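Remarks on the structure that follows.
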Amino acid sequence: MKSILILIFFFSVNCLSANTIVVGKDQPIHALKRAVELAKNGDTILLKQGSYAEGNIVIGKSITLIGIGMPVLDGLQKNEILTITGHNVTIKGIRFLNAGYSSMNDYAALKIVDATNIRIEQNIIEKASFAIHIANSTFSTIRNNKIVGTNKSEHSSGNGIHLWKCGNMKIEGNSIQGHRDGIYFEFVTHSTISKNVSEKNIRYGLHFMFSNDDAYLGNTFRNNGAGVAVMYTRNVRMENNLFENNWGPSAYGILLKDISDSHIKNNRFVENTVAIHMEGSSRIMIEKNTFKANGWAFKVQASCDDNTFYKNNFFGNSFDIATNGDKSLNTFNNNYWDKYEAYDINRDGIGDKPYHPVSMYAMIVEQNPTTIMLMNSFMIKLLDKAEKAIPSLTPENLVDAAPMMKPNKL
Amino acid sequence: MIRIEQLNKRFRKLQALDNINVVFGNGNVISLIGPNGSGKTTLIKCILGMVTADEGRIYVNGQMISNDPSYREQIGYMPQIGRYPDNMRVGELFRMMKNIRIMPENQLDKELLEKFRLMPMFDKPMRTLSGGTRQKVSAALAFYFNPAILILDEPTAGLDPLSTEILKEKIQDARSQQKLVLVTSHILSDLDELTTHVMYMQDGKMIFLKQIDVLRQETGEDKLGKAIASIMKHELKAQFV
Amino acid sequence: MTRLIRYVLYDILRNKVVITYALFLFVVSFSLFQLEENESKAILSLLNIVLIVVPLIGMIFTTIHYYNSYEFIELMLSQPLSRKRILLSEFTGVAVSLLCAFAFGVGVPVLIFSFNDTGFALLIAGGALTLIFTSIAFLASVKSRDKARGIGFTLLLWFYFALIYDGLVLLVLFSFSDYPMEKFTLLLSALNPIDLARISIMLKMDVSALMGYTGALYKNFFGTGAGMLFTGSIMLLWIILPLWWAVTAFNKKDM
């Protein structure tokens, strides 16, 4: 009881004593650094419009920093702009410009280390190497920020939103482009990435490793150098995302490597070189996704087992499925394949003969990639037709036993 | 005038022309005779450039025939079997030839067209014509451009007697105009009265080229046909001896 | 020469085969654009038409035309016209009419439904293939003694370029799969105009991305000015060399 009273007292005192400090060129306090020095826990700093180049500013208190009319914090291409530790910090409405780059340290426009309950909202971060770099933090939200990188080489540029060793994080509604990786997750658990748009990044739109029990929902990954990579992880939910236009000799919609017990559901894959490339993965439920106009819809390495492909729709992909093995340990059911040609005499919506989605040519290309030069040639068409009539090379048990006659309603 | 020097032509195993040396003068009507396959048509085709000789030279009015096709302006040719584009109409054929050989209208020789009554048939496609009519077309075409040299391959084969007479008159005219006429024919009697020279060929060789009067004297035969027949008998005898 | 070409064209137009061919191409192209859900898929189907049908029809038509015009050619030979001129007039007449048929049959639908780079690439490649296979068919016709042999020879050549060659390429690629063959395939593609056309259209369709290292190499090569010059010159050689050979053979041919 006593402790509760103390808590209430403390809280009210805290509220009562919360001050607002205004920083601006026409204000008594010109410098943000000074304001941060003066501020106490719970205070709010209002940063008025203008450009502030004050080197590295460190926030170690529980303060709220709000920009009025998008003030600019300029790193002059040599400093890390804002470093945050501790808990209960909010940064909102600020434009971070020209954060420094160092080949020794991972300089960021906004670095958050050893922190809890941080909110980064509605900021604009431009020309940074790392934009938002978060390490060893929990229960924080990065929301509705706009991040535009320099689009330089893979080595000299950093990631858009970089998380290392975090938990219970929310990355939501951000737009990221022109960085090395749009969103980078390493050792991050119980977190959600949703409604972000990550595009035109040099390497991956989302780079995701050793991060169990996470979900990414409703994001758009478009035109990234290598698409999205999700690796060495258990229990990920990937739903309602759009993977689009990730074209290139080694670009993937998603590259799945050593993933298990996960869900890929209701996503759309449009015009990717490889929509899903899967290796060493098991027990993934892939359902109700749309694959349209991709080079390969699925590339499944022989090292994958026990995955289920259910009620997906395939339209206009050059190859629906390719595999390097001669047998398949995965299950296909009720998918719609636009290349499937058969009758449905009992009119139950399911075709009367099973469908083998791996074409002869897909096998040939898998074995000898140079033969891609023969794509779309008359000879390949004949080979595929012959193989469909008398299967010999394609894996016999990689088969959709109950293919749909019409696209599944998603 | 046509001068042929050391002309040789071989079709695989067949020696079609074997060292032919000959001069055909203007104002001559030369009957080129010999058994089937003796090389008559090949010789004509060589002169026309349709067959290229393996060796030898041919001069047409002093101009050696090679790649320059312009010498053919001086030649009118009537093939053995006149083959024409099926869909082409008779009138179109003459119009086309006129287009290709470019000659003022008043210099064209339309006599045969008129005498053979081909003008009314100008709307008929070539494929509907009978063999005889085609021959008439071929003959009319050969004389159409008033050439200095006429090469007629079996001209009277398939022609009715009346048309043959017309053609003979035409050849007679040509001779009187100092043109050179080269005729191959099986039916020798047809051309008796026109021929000035006879060239006899066998197995690609020229056996002789003689004036008709000389030939008559030598064989003692009056008719050209009989004269040739007696020569052929000699030849046969010579072969069997 | 134009007078001669005019007669050849006139003759071709009168037998209506070319018009049928043009209508056939038009109906097929038009319905492809109508039936396929998206334009790029239609272009892909059209690509097969262009790669298979255009050479086949082009060659067979050329060969039949050559033999049907034999009388005409003979007639011309006795006139003061050079053989080169006669054959080139025949070639021009056939090539122009086939090109017109292609331009109408495929060109119009493509310009209506797919007015872009890929569409243009398809048209240029189709036009080039028309000329190339007309040229090759002339060579085959001049070289063969009669119509039956000529058509047989032509079909064999078509079979070779459309099918057998790619089979041989596949064989070679598998026999030497331990060696880096990517650069070599560039050369292989130049040795078959159908392959060259197919690859250059596919690169325009951006399928190159899925061709991995080979595709990247091709894109780097064919995408540059030098690469386009290369493609253009090879295509041109494919038109000129057989035609030149045909003219040489025709010059020596005994009729």
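The chains carry the letters A, B and C, assigned in the order they are written, with residues numbered from 1 in each.
Operating definition for what follows: contacts are C-beta pairs under 8 Å (C-beta built on N, C-alpha and C of every residue); 3 or more make two chains touch, one makes a residue touch a chain.
This is a predicted model, so every value here is computed, not measured.
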Neighbouring chains common to subunit A and subunit C, by label: none
Interface ranked first by C-beta contact pairs: A-C
Nearest-to-centre chain - CA centroid comparison: C
Centroid spacing, where centroids are CA-atom means, of subunit A and subunit C in whole angstrom: 47
Rounded Å distance, subunit B centre to subunit C centre (Cα mean): 43
Averaged-CA centre spacing for the pair subunit B and subunit A, given as whole angstrom: 91
Subunit C residues counted as touching two or more neighbouring chains: none
Multi-chain contact residues (two or more partners), subunit A: none
Touching residues on subunit C, where the partner in the complex is subunit B: 3-4, 7, 11, 14-15, 68-72, 74-83, 251-252, 254-255
Subunit C to subunit A touching residues, read off their complex: 37-38, 40-41, 44, 47-48, 51-52, 162-163, 166-167, 169-170, 173-174, 177, 181-182, 185, 188-189, 194-195, 198-199, 202, 206-207, 209-216, 218
Residues on subunit A engaged by subunit C in the complex (per definition of touch): 247-251, 273-274, 293, 295-296, 315-316, 318, 364, 367-382
Parts of subunit B lying in touch with subunit C, wherever the complex brings them together: 11, 45, 48-52, 67-73, 75, 77, 79, 83-88, 96-97, 99-101
